[in-house]
Amino acid sequence: MKKIALTLAAGLALAATGAQAQGNYPQRPITMIVPFAAGGPTDVIARIVGDHMSRTLGQQIVIENVAGAGGTTGITRGAQSQPDGYTIMMGHMGTHGAAPALYPNLKYDPAKDFAPIGLAAGTPIVIVAKKDFPANDLKGFLDYMKANADKVNMAHAGVGSVSHSTGIFFNSVIKAKPTMVAYRGTGPALNDLMANTVDYMTDQIVNVAPQILGGNIKAFAIATPERSPALPNVPTTKEAGLPDYQVSAWNAVFAPKGTSPEIVAKLNDALVKALDDEGTRKRLLDLGGVIPSKEERTPAALQKLVESEVARWTPVLKAAGASAE
Amino acid sequence: MGDLVSNLSLGFGVALSLQNLGLAFLGCLVGTLIGVLPGVGPIATIAMLLPITFGLDPVGALIMLAGIYYGAQYGGSTTAILVNIPGEATSVVTTLDGHQMARQGRAGVALGIAAIGSFFAGTVATIVIAALGAPLTRLALIFGPAEYFSLMVMGLVFAVVLARGSILKAIAMILVGVLLSTVGLDLETGEERMTLGLPFLIDGIDFAVLAMGVFGIAEILRNLDHTETRDVVRQAIGRLLPNRDDFRQSYKPVLRGTLIGATLGILPGNGAVLGPFASYTVEKKLAKDSSRFGRGAIEGVAGPESANNAGAQTSFIPLLTLGIPPNAVMALMVGAMTIHGIVPGPQVMTRNPELFWGMIASMWVGNLMLLIINLPLVGMWVRLLKVPYHLMFPAILMFCCIGIYSINSLPTDVMFIGFFGIVGYMLIKFGFEPAPMLLGFVLGKLLEENLRRALILSRGSLETFIDRPVSGVLLLVAVALLVVALLPSIRKGRDEVFTE
Amino acid sequence: MSMSQGGGRDRRGLVRSPQNLAAGLSLVFLAALALWLTRGLSQGHLNAMGPGMLPDWLAYGVGLCGLALLVAAFVKDGEPLEAWSLRGPLFVVVAILAFAVTIRPFSFGPISIPGLGMIVAGPLAIIIGGYAAPEAQLRPLLVLAFGLTPFCMVLFGDLLNLPIPIFPQSLAGLMPDGWSQKTILRVLAALMAVVAVVIHFAGGRRKDGRDGKIDVATQPEEI
């Protein structure tokens, strides 16, 4: 009993001062919140990058999975934690781009409530279709869509998922209104795509590449400026005639607003070193990930990206009436 | 056939290497010990221990993870039998008769038959995967939304059969369970349903939270009410292992359970969860005296446990052959493979044969390890039951809290088990059973998803459920089962009316 | 404890099965609640089922079952309602809440509790929860709390590396500089275990002591 009282007193007293020695940051393990379940693309990227960052910083980066509400639960927690550099988070295009449009009661502002650290890796989006789809390239696909608009189904992994947001964007670019079929996650969606039950989907390369290479589904285009080494035979949307569709599910590291610039610099430095390391690069590239260039890795570049992404996604998603209301 | 033999020898060569043997053993041991903790099921265990495997080579890492998985499954069954807390959806059925057996002093027998049945099922499942893995995946592709819906309807009918007492109350509980599963964000439109504006309800209610509250906490509350009956459990500790009579009663359920579990496990989309329920239903219907079920019938443990393990193994098939995880656990495995640089997919079988066949062989090795680890442990677990209850339940309480917290690091999850504990307590007072509600909850999500998806794809035509042959057959079986289940009560009701 | 002595069979009052009555009422209430909560959701039509369709059907189904039970309560004999105890549920729920609010920093309106970690949350849960049992005694509960918590701290925090808060950061500030997190954890766990042992043995032989009679008989002063 006495022990508890002592601890409580000490805790309350010291919590009030909240001082942290900044000179020797980091002095203990750092928690990186991943707002998705373990095993998914963002989680894997966080672990790969975090593994190397641990070595540079000299303290372990512990991944804490706080999944829920399309990632916003974990990010909300991260945004509200102490800006002492010991809690950071891995956000992505959904949590820091599409979320304001999808979740009206969002408890954070992606552009204002964070101290951006830097981009980690992006996963390009691929337009895929069932094997029996009556078209063999993007142009054929678009022609078929124009002629048979009301017979086509598009699969997605649920409101708030990458395949959902990018799919809506795709439909708005090609001005189509297919029937949307929701799944609980990419796995079941891919399953039905392979069973020829649904017609097409837009999803991250890491999820769809194995099935494309295995010949179970067709790929029409990849929405990045250059072809991906993981899928050398898939043309880019620019080559295939749809240059307006450029989107990548980027992942980035954030710290809560108010984190000191020295800590931000240290974290960014560790992140950049991780992205330069041969071993880390190989693992990311094997996933089909896209590693940001040197200019894209700065905190300032990330801040600009967040602002432009929010500006891009909000009208698109609101127009489609998509919202988690 | 020659191919199979050579592949299996490649696999065993990999699995029986000293390092991989050690990893399998370590995985099974750690998985069992963590899985035994009330509140911690297989998913939580694997997620917890995933980082440990990062330093290992891919094959070793996956072997260890698989070992953790089976170990946690078995640990969850242990908790289900000893303290009536199911670690995962598949252990819910084990609590029905397993815990009753423990109350009668036959905990050792229950644990033993669960271990042995699981080992047998695992062996058969390994052979099935090795021989038929690739062709079987094509079977899975036949199942579309309509078929899944009908399968889930059949599953709900199983839940009615599961009921020990009043059928009306069981049906009510199933409906409540399905209703609870609709809480959260609607999948198709993103609208909030019954979330009361609370952010942590957006993803719906977590199964672990519901199970922990309605089974675990409510059980504690109920035990606190009945001081006399508690101590009875402590005294009568009988035989530690099953004897010949037990085996004779159990071998057929084990065989049937294996078949059922292995078949259902192949279906992507978590068909494996139905295995234990289906097995329990079959055993209850086939038994000469079905009133024994729910009061400690050994068939009620042997069948479902075998189905459980067989399903757990065969659910690796969609993962290994297609790279598509059929449930949350396999999704973690996908993540593990990806982190280690292996992109799961159809080419894994050809590009990394040592991985593919090594994993299959190590499944059997893992099952053997589980048997070796757990049979001696039975004595230890049984002795745990002797701890005075007024000291044991606070410990269980703390473990439940830690376990639930460790899933998502959300204190609200922990608070919810208190809420559901009170709900479960109320249910018991009103004469309801929680098991059908949990089954309704698990199946509810899948049921609604597939119903809506099937209707979207058929553009609103209800005939799609009957036109498609597989779906039609499943629905027919469901209806037939329902009639068979209700017939005795209807007849009894009529008799009562007549005699009164 | 059940209060059924005369049993349900001989009841000739209006309500022949109180348990069914309560059960039926609760189901009807639940159905009404569900219907009210989903009142804003669109039903949609068959080829595009809205979010409200299935919950509404289910609510009607639950309500129907509730009505059936209500009818049965007046028509068929059944179980009486068991007595409810207050102590058990109250202490268990408070224990769970205590764990939930102390494990991580928690703020609700004006109240804000700093994160205290497992080192506080664990013992709180065990001790408060332990009092749910009528025969609870402080000393064995303290021993259990101070013995089991370090085990969990080492198992979850050290061996398994779970991201679960173990002790408040401010406590770490009290420790000498340069000690790693793990070391602090182990030291604290060892301290707690020592406390547990001390409490256990400081109790003397009268651990289960309510044996007043024996004591009286052997004490010479009484004579």
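A, B and C are the chain letters, set down in written order, and residue numbers restart from 1 in every chain.
Basically, a residue touches a chain if its C-beta (ideal position, glycine included) is under 8 Å from a C-beta of that chain, and two chains touch if they have at least 3 such contacts.
Being a predicted model, the structure only gives us computed values, none of them experimental.
Counted by C-beta pairs in contact, the busier of B-C and A-C is B-C. Of all chains, the one whose Cα centroid sits at the greatest distance from that of subunit B is A. Inter-chain spacing, taken between the CA centroids of subunit A and subunit B, is 32 Å. For the pair subunit B and subunit C, the distance between mean C-alpha positions equals 24 Å.
Annotation: 38 Å between the Cα-based centres of subunit A and subunit C. Each of residues 51, 188-189, 191, 409, 456 in subunit B touches at least two other chains. Those residues of subunit A in touch with two or more other chains are numbered 63-64. Under the contact definition stated at the top, the residues of subunit C that touch 2 or more other chains are 161, 163.
Of all the residues in subunit A, the ones that touch subunit B in their complex are 37-41, 43-44, 47-48, 51, 63-69, 73, 76, 102, 105, 107, 153, 158-160, 179-185, 187-188, 190-192, 194-195, 197-198, 206, 209-211, 213-216, 282-283, 286-287, 322-325. If you check the complex, the residues on subunit C that touch subunit B are 1, 19-20, 22-23, 26-27, 30, 34, 37-38, 41, 45-52, 54-55, 58-59, 61-62, 65-66, 68-69, 72, 78-79, 81-82, 84-85, 87-89, 92-93, 95-97, 99-101, 103-104, 106, 118, 121-122, 125-127, 129-130, 132-136, 140-141, 144-145, 148-149, 152, 156, 160-164.
Across the complex, subunit C is touched by residues 1, 3-4, 7-8, 10-15, 28-29, 31, 62-64 of subunit A.
Contact residues of subunit B toward subunit A in the complex are 47, 50-51, 54, 140-145, 185, 187-192, 197, 199-200, 202-203, 268-269, 318, 322-326, 328, 331-336, 338-339, 341, 343-347, 408-410, 445, 449, 453, 456-457. Of all the residues in subunit B, the ones that touch subunit C in their complex are 34, 48-49, 51-52, 168-169, 171-172, 175-176, 178-179, 182, 186, 188-189, 191, 193-194, 196, 217, 220-221, 224-227, 389-391, 393-395, 397-399, 401-402, 405-406, 409, 411-412, 414-415, 417-418, 421-422, 425-426, 429-432, 448, 451-452, 455-456, 458-462.
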